[in-house]
Amino acid sequence: MSNFQFDWERESRTGTAEAVLCVGKTDEQIAAIANLAIRDDRRLLLTRLRPGQVKALPAPVLTRLDYDPISSTAILGALAPEDSLTGGALVVAAGTADLSVAKEAARTLAFHGYAAPLIVDVGVAGLWRLMAHLGALRAARVLIVVAGMEGALFSVVAGLVEAPVIALPSSVGYGVSAKGRAALSSALASCAPGVLTVNIDNGFGAAVAAIKILRIGTLPKL
Amino acid sequence: MSNFQFDWERESRTGTAEAVLCVGKTDEQIAAIANLAIRDDRRLLLTRLRPGQVKALPAPVLTRLDYDPISSTAILGALAPEDSLTGGALVVAAGTADLSVAKEAARTLAFHGYAAPLIVDVGVAGLWRLMAHLGALRAARVLIVVAGMEGALFSVVAGLVEAPVIALPSSVGYGVSAKGRAALSSALASCAPGVLTVNIDNGFGAAVAAIKILRIGTLPKL
Amino acid sequence: MSNFQFDWERESRTGTAEAVLCVGKTDEQIAAIANLAIRDDRRLLLTRLRPGQVKALPAPVLTRLDYDPISSTAILGALAPEDSLTGGALVVAAGTADLSVAKEAARTLAFHGYAAPLIVDVGVAGLWRLMAHLGALRAARVLIVVAGMEGALFSVVAGLVEAPVIALPSSVGYGVSAKGRAALSSALASCAPGVLTVNIDNGFGAAVAAIKILRIGTLPKL
Amino acid sequence: MSNFQFDWERESRTGTAEAVLCVGKTDEQIAAIANLAIRDDRRLLLTRLRPGQVKALPAPVLTRLDYDPISSTAILGALAPEDSLTGGALVVAAGTADLSVAKEAARTLAFHGYAAPLIVDVGVAGLWRLMAHLGALRAARVLIVVAGMEGALFSVVAGLVEAPVIALPSSVGYGVSAKGRAALSSALASCAPGVLTVNIDNGFGAAVAAIKILRIGTLPKL
Amino acid sequence: MSNFQFDWERESRTGTAEAVLCVGKTDEQIAAIANLAIRDDRRLLLTRLRPGQVKALPAPVLTRLDYDPISSTAILGALAPEDSLTGGALVVAAGTADLSVAKEAARTLAFHGYAAPLIVDVGVAGLWRLMAHLGALRAARVLIVVAGMEGALFSVVAGLVEAPVIALPSSVGYGVSAKGRAALSSALASCAPGVLTVNIDNGFGAAVAAIKILRIGTLPKL
Amino acid sequence: MSNFQFDWERESRTGTAEAVLCVGKTDEQIAAIANLAIRDDRRLLLTRLRPGQVKALPAPVLTRLDYDPISSTAILGALAPEDSLTGGALVVAAGTADLSVAKEAARTLAFHGYAAPLIVDVGVAGLWRLMAHLGALRAARVLIVVAGMEGALFSVVAGLVEAPVIALPSSVGYGVSAKGRAALSSALASCAPGVLTVNIDNGFGAAVAAIKILRIGTLPKL
Amino acid sequence: MSNFQFDWERESRTGTAEAVLCVGKTDEQIAAIANLAIRDDRRLLLTRLRPGQVKALPAPVLTRLDYDPISSTAILGALAPEDSLTGGALVVAAGTADLSVAKEAARTLAFHGYAAPLIVDVGVAGLWRLMAHLGALRAARVLIVVAGMEGALFSVVAGLVEAPVIALPSSVGYGVSAKGRAALSSALASCAPGVLTVNIDNGFGAAVAAIKILRIGTLPKL
Amino acid sequence: MSNFQFDWERESRTGTAEAVLCVGKTDEQIAAIANLAIRDDRRLLLTRLRPGQVKALPAPVLTRLDYDPISSTAILGALAPEDSLTGGALVVAAGTADLSVAKEAARTLAFHGYAAPLIVDVGVAGLWRLMAHLGALRAARVLIVVAGMEGALFSVVAGLVEAPVIALPSSVGYGVSAKGRAALSSALASCAPGVLTVNIDNGFGAAVAAIKILRIGTLPKL
C-alpha cells in the first residue's frame, strides 16, 4: 500500500516509536509496511497480528520477526538484552485469562528498552495472593494493572501504593462484563484517587503511557 | 384511592409483610393506604417517602408515624424493643454518601424484628479500614454490602467471608458511575463467586432477601 | 502456566471450593491446572469447557474427568453418591433452551454435595405448568430460577414461595432480549420483594450462593 | 401559532380523531389550537397537559374543558353519556403508580365513544389478585395492560386470554427500570406470543390501537 | 429431552397453537419434540430452524416436513389449501432483505389458516412504489409492516390506513441501525397514533397478534 | 473572562462567523464576550441564551441585542434587510414542538445573510400536508428538515427532492424517542441515500452547513 | 426475486442512480437484479458485495462486472474515462484501515462521473502529515473525511477549510470505539461548526451527498 | 456523622492527602468533617461543594475556608505561597465552559503544592490558537487536557508533546455529547498512543494522578 506514510520522526517528537496495529489491514498492507521498515533499517512493533497474518508474511520479514502468539505481537529487529533494560514498571494481572493483554503491554515495554516484570493471578477474591506481592507493588514507579470482569483490582492496588496506577481493562468476562465494559467503568469510577485508564485491551497504549511516565525520572530535577 | 388492594396475606405466604413504595403515589393515595392500615390495625412500612409527603399526611397518621429523613422510610405502628431483635445480619457501607440506602435496608430489617448493625466508611481505597472489622464481617450470617462508584467493595468483602453477600449498589457517583450503573455491573460481574445483587438503591429488597435467608436458620435441620 | 496460583484454602475461608472458568484460557493453561489438581490430589470443577478443549486434554486428565456437554462443565475427581447429597435446593428453568445454564447450576451443586432437582418448561405463558409444581416450589429452602427472554418467571415464582429466590438470567432470546439483557433487567426490577440476581448465564455463581444460603440451616440457632 | 394545520380529515382517513400532545408547546400555541377547534366547532383531546398549562388557557376554552389531573388529559367539547359507550376494551394496571398512564388510555377510549373499565393493583407478586378478575379478563375483546418495573404482568395476562393484548409500559421504577426501559423490554421480549407494544407511557397510542382493533368487530364478516 | 411439556391446550386457551422456537435447542431436543407431535398426531410450526438442524432430523420427521429456507420455518403436518384460507391480513415489506422476516409472518398466518398476501420493495425513499398499492393497503383489516434501517415505513403506512398496523422491525441495517435497533425505536416512537410493535425479527409474534385481531371480526357484534 | 480568545479570522478562514454557545457560561463570561464584540465593532450570534441570562446582560449590550425567546438566540448588531437576503435554503419542521430548533437554524441563516423560509406541521402521519408543499421542496437548493419522535420525515423528504437534505433531529419525544435519540438514528440510517445529519437540536450547525453548501453556487463552474 | 422493483426514475427524481446494497440478499436475488439491469441496459452499482457473492454470479453478469475487493463494490456497465470526470470532491482517510470505506465513497463518485482523489494516513496524532496536504484540502469544494477510533480528524479538517465537510465514521477500532461508535459521536459532536455526518461505514451515502452538493455549482447563480 | 473515619495516613501511604467529595453528603455531615479537621489541625480539600452547602457551614469553618465558586472547591487551612509551588504541570482547556472542571484540577494541584498554569480556549476548530502555545505545551512534564463535546483536543495535544497526557473529559455538550460521553470515548479511543483518561468531570482525580507522576522526577535515577 503505497499510501502508507511512516512517521519515523514520531520517536523524537513524542518519545515512543511508531507501531502498527494490524487489525483491519490486509496481508498485502502489512507486508508492504514491514518491507518499508526493513528497507529503512528501522525496528518495528506490530500489534494484534493474528497467526494467519504471520503465515502470510514474506520470508525476509518472517526471518527477522519475533512473534508471540499469546499477546499477538511481533517485533521486527533486535530486542535489547534483558539485563540492559530500564526498570521501574510492573505489570499486574488479575487472572490467567488477562495474560494476552498483559503481555502486549510487557512486550511493548521491552521493545522500547524497559523491563516488564509480570505478576499474575492476584484477583481480589483472594486478597492474600495480592498481599504476598506488596513489596514489589510498592517498589514500582508505575504500575499497569490488568483486570476484566468487575475490575475491582484497580482500586485495591491503587489504595496500596504511592506510584501512579494505569488501569488496563481486559475484555475478559460475560454478561454485563462482556467485552470489558464493567471493568472499564470500574477503572474510571475508582474510589482510589489518581487511577488512570486506557481503552479496553489496549496493552500497547498502557505501556507507551508508562514509558512516558518513567522518562520523567530521567529529566533534571525541578 | 379505593382501587388499592392490601395483601395482608403476603406475610403468611411469602414471609415478609406488605410495604408501600411511595414514589409515584399522590398524597391522597398515601393517606388512604395509611388510614386503611390504621383501620385494620396493621403495622406498615413506607419507603421513599419524601419530607413533603410526610407533611401532607393527616394528623392521626402522623402521630403514629416514626419517620427517618436520611433513609426516607416511615414505620406506622410500634417497633420491637432493640434487645428483642434477632441477630445475624450486618450492613456494610462504603461511604457516608451510601447511608440513605444502607439505612433503608437497616430500617426494613428492624421493622421485621431483625437487628441491623451498620459499618460505614470502609471503602477499598483504604483496606485497613475494612480489615479492622474482619471479626464482625466473619461473624455475620448474611451481609448487605452497599457501595456506589466502582463497587469494588462487593468483591473484596465476599472474598473475606463464608456467609452469603447481598450487593446493594447505590446511585452514588458521577460520569460513568452516575445513577449506580458501574456499581451494579461490578456486583453482577464479581470475581468472588456467590455474590447476589439487587436493583440500584433497593435497600428494601436487600433487607427482605436477608430476612428470607436468615429464616433458614430457624427451620429444622435437613 | 506456572503463573497460576491455586487457592486451595478458599474452601475453608469462603465455604466453597475453587473452580476454573475455562473461557479465555489456552489448552495448555487448562491442562496445567488439571495436572496440578491431580498432583495435589484435589477435586476440581471446570466450567465453560468447550468440547474442543476437552479433546485437547492429556489422557491422565481425561480418564478422571466427568464431562457434561449440555452444561459445558467437567468434574475432575469423584462425585458423591446421589443418596448422600444434601437437599433443600431446587432449580427451575423456563424452557428447554435454558437447560445449559440450569445444568451448570445443578452440576455445581452436586460437585459440592447438594442435590439439585430440576423443573423445566414452566414458562409463565402457560401458568398451569408452573402451578402443577407448587408443592415442590414451596418445599424448597432456596430456589434458583432460570429464564431468558422477558424473565417474567422470576417475579411469578417469588410471589408464590417464602424461600429466597436466586434469579439466573439466561442469554436465551433475540432482539431486545438478546444476550439476556431483558431477563437481567426483569430480575433486578422485580416487583416481588427479595429476588436476588446473579450475572447472565452465571449458573456457577447462582449455585455457590445457594450453597452459602443452605449452610445457614446447619449453624446453631440464634 | 398560525403555522398549525388541523387534520380534521384524519378521522375519516384513519378512523381516529386528531389529538394534541401538549409537551413542548407554548401556552400561546395551545390556546391558539383550542380556539381553532372552538371556531370550527370540533371536539378535541389534549394530552400531557400540565396543570400550569391549564391555568394559562383563556376563559372561553376553560369553560368548555374537562380536565383530569391524574392523567393530564383534557377534553374540549361534550363526552358521550356513559351508557352509550361501546364495550369490549379493558384496561388492567399493575399498581396505583401506573394510574396516570392507565387513565390516559381510558380517557382516550371514552373520548372516542368506547367504555374503558379499569382493573388496578394486580401485580404478579400476588397472583391471586389477578386471578380474581379472570372472568373479566377473558370476556374482553382487547386488553391494554399497564405495568412498570419488570413488566411481568404483560406475559402473565397474555397467557390467560385469547384476545389481543396491548402492553403499555409505564415509566414507574428506578435503577434498571428507571423511565420504563425494563418494562418495555419485557413487553417486546414476552414469551407469550402475540403481545403488542407501544412506547413507554403512551396511553393515547394504546387506546387508539385498541379502537382500531375493536372496529374490526363492526365490519362485515369475511 | 423428556423434560419438554407440550401445551396442546394452548390453542383452546389462547387461540393460537403451540410453536417451537428452535434457536438454542439441540438437534436431539428438536427431534424429540417433533416425534412427540407425530405420536400425538398434532400439527407443529417450527421457527428459526437452520438448514443444518433440518438435515439432522430423523427421516420420519423429514418426510412430513415442509421447510422454507428463506424464513427458516418448517411446518409439520398438512397445510390448508390456498383457497380455503381466511383473508384480511396483509404483509408489507420495505425491501428484499426483509423477506425472511416477512415470510416468517406469512408462513405463521398460513399455518393457522389465514391468507397472507405479500407486498415487497416499497421503501419510502420512492413513495410512488408504495402509493401504487394504496387500494390493497386500505382494503386490509390488519397490516404487518416489515422494515429495517430507519423504519420510516411504519409511520407512512399507518398514516394512510384505518386498520391497525403491526410494526415488525427487521435486523436489516448496519451502524446505528445494526440489529434492528433504529427500526424498533421508529416503530415505538411513531408519530402516527396506534402503531403496535413486536420484537425485532419476531415474524411469528406479529402473525399471532394479527390472527387474534382478525378473530374479532368473527365474534358477535357488540 | 479574560481567557476568552475571539477567532475573528474564522470568517475568512472557514466562511462563517464566530458564534457563542451560551450553555455552561456564566453571566459574567457572556457579558465580557459581548463587550469585546462591541469594542471591536463586530456582529455576534449568541445561541442557547436563556431569558434569565438575557436579563443579566448590561444595558449597553441589551440595547444592541435582538433576542428571540422561541429559538433562544440573540443577534448583536444589525440584521441585513429581508429583501437583501440570498435565497436557496428551506427549513421544514415536522411539528410545532420542533419550532425552537427550526428557528435556531433560520436565525443563523438570517444572521449570515441568507433567507430562511419555514414550513411547519408536515409530519408524515398526514402525507398530504407535506405534498401540498412539493413545489417549494423541489425548488430549494438545500433543505434543513427538523423532526423529533421517530424522524420519518427525513427519509420521506429526501425521497422527493434532488437537493441535499440536512437532517436536524430535535429532542421532541418521550420513551424511546426521549432526547432525540430515535430521530437521530433514523436520520443516520435513512434508506434515502445522501441524507446528512447533525447533532440533536443543533440548529446552528445545520445552518452553517447549509451556508457552506449554498456558497458552492457562487464559485466559478468547474 | 420477482418482487424487486427497480426505481429507474430515481436518477431523474433525486439526481443519483439506483444502487443495490447486497448485505442480506441471497445469491439468487443479486443475480436476478443484475440480470434485470442487463436486460434493461442499465448501469448498476452494487455495494457490500462479498467475494463469495461475486463468485456465485452467472457468467454473463461476471463478464460485465468491475469488482473491487477492498471496497466490496462492483460496477455493472462502463465507467467514464478518468479524464472526463468532474472534479471538486476530495476523500481524506485517517489510516489504511479506513481504506475500504474510503474507496466505497470514491467508487460511488466515479460511477456517477465524479473524480475522487484520495489522501490516506493523515491521522491527527501526526498533524504534519495532514498539513502537508493543506493546499489540496482548501482547494476542494466538498470533502469526505473518513476516520474510525476517536474521529478527531473530522474537527481538525473542518477547522482548516471553507468547504462543507462530510464526516464518514468507519468501524475501525476496539473497546469503546468498536463498530465506529466513538467516531460517530465525535462527528456529531464536533466543535467545528457545519460538519455533516452519515452512518458508520456508509461510503455510498457520503458520496451521494457529495454529488448532490457539487451539483449546486452547476445551477444558475441566485 | 460520627461514622466518618478520617484516613490521615493516606498521605504517607499513597502520597496524596484525603479530600472530601461533598455530593450526596448532608450539611451536617460536611460540618462534622470540617470540625474534625480543625480539631486535628489538618488541612482539607472539599470538592463539589455547592454555594448552598457553603452557606450552611458554621462560622469557625467559614472563616478558615477559601471557596472558589467556579470549581466548587474549598480549601480549609493555608495555601502555600504561589512562588513556593513546584512546577511541571500544565492544564489545557478547550473552551470557557470547561473552566469549572479545569479549575478543580488546578486547585487540587495548588492544594498539594504544585503550580497549575492554565491555557483556555484552544479548541481544535481553530488550530492556530493551540499552536500559539506550542512552547508551553512541550515544556510541561505532565499535561491535563480538558475537553467536552467531541474531545478532539486530547489526540491533537498528545500528538504534539513527549510528556504524558491526562485526558479529562468534561460534561460540556448536548445531544450525543451530553454528560461527556462522546468526549470520554474520544479520550479512550485516541489514535495518539499513551493518552490516559479519568472519569468525566473528575478534575480532582486528574490532578492527583499528575502529582503522582511529577513525584517520579524527585526519585533517585534508575
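Per-chain numbering from 1; labels A, B, C, D, E, F, G and H assigned in written order.
Following the convention adopted for this analysis, contacts are C-beta pairs under 8 Å (C-beta built on N, C-alpha and C of every residue); 3 or more make two chains touch, one makes a residue touch a chain.
All figures in this text were calculated on a predicted structure; none of them were measured in a lab.
More than half of the contact pairs of C-D, counted by residue number, reappear in one of C-E, A-B or A-G; that pair is A-B. Farthest chain from chain F, judged by C-alpha centroids: C. Over half of the residue numbers at the chain F-chain G interface are used by both copies of the sequence.
In this assembly, the C-alpha centroid of chain C lies 57 Å from the C-alpha centroid of chain F. Separating the centre of chain C from that of chain G, both taken as means of CA atoms, is a distance of 50 Å. Centre-to-centre separation between chain B and chain H, using Cα means, comes to 35 Å.
Centre to centre, using the average C-alpha position, chain A and chain H are separated by 27 Å.
For chain A, residues touching at least two other chains, in rising order: 13-14, 125-126, 158-160, 175-177, 184, 188-190, 192-193, 199-200. Of all possible chain pairings, those that touch are A-B, A-C, A-G, A-H, B-C, B-D, B-H, C-D, C-E, D-E, D-F, E-F, E-G, F-G, F-H, G-H. Within the complex, the chain B residues that touch chain A are 94-95, 123-127, 149-152, 154-156, 158-160, 173, 175-177, 181-193. Listing the residues of chain C that touch chain B in their complex gives 13-16, 19, 86-88, 141-142, 158-164, 166, 184, 188-189, 192-200, 204-205, 208-209, 211-219, 221-222. Put simply, chain G touches chain A in their complex at residues 70, 96-97, 99, 118, 120-122, 125-126, 129, 172, 174-178. Those residues of chain F that touch chain H in the complex are listed here as 1, 3-5, 7, 10, 13, 21, 23-26, 29, 169, 171, 179-180, 184, 199-202.
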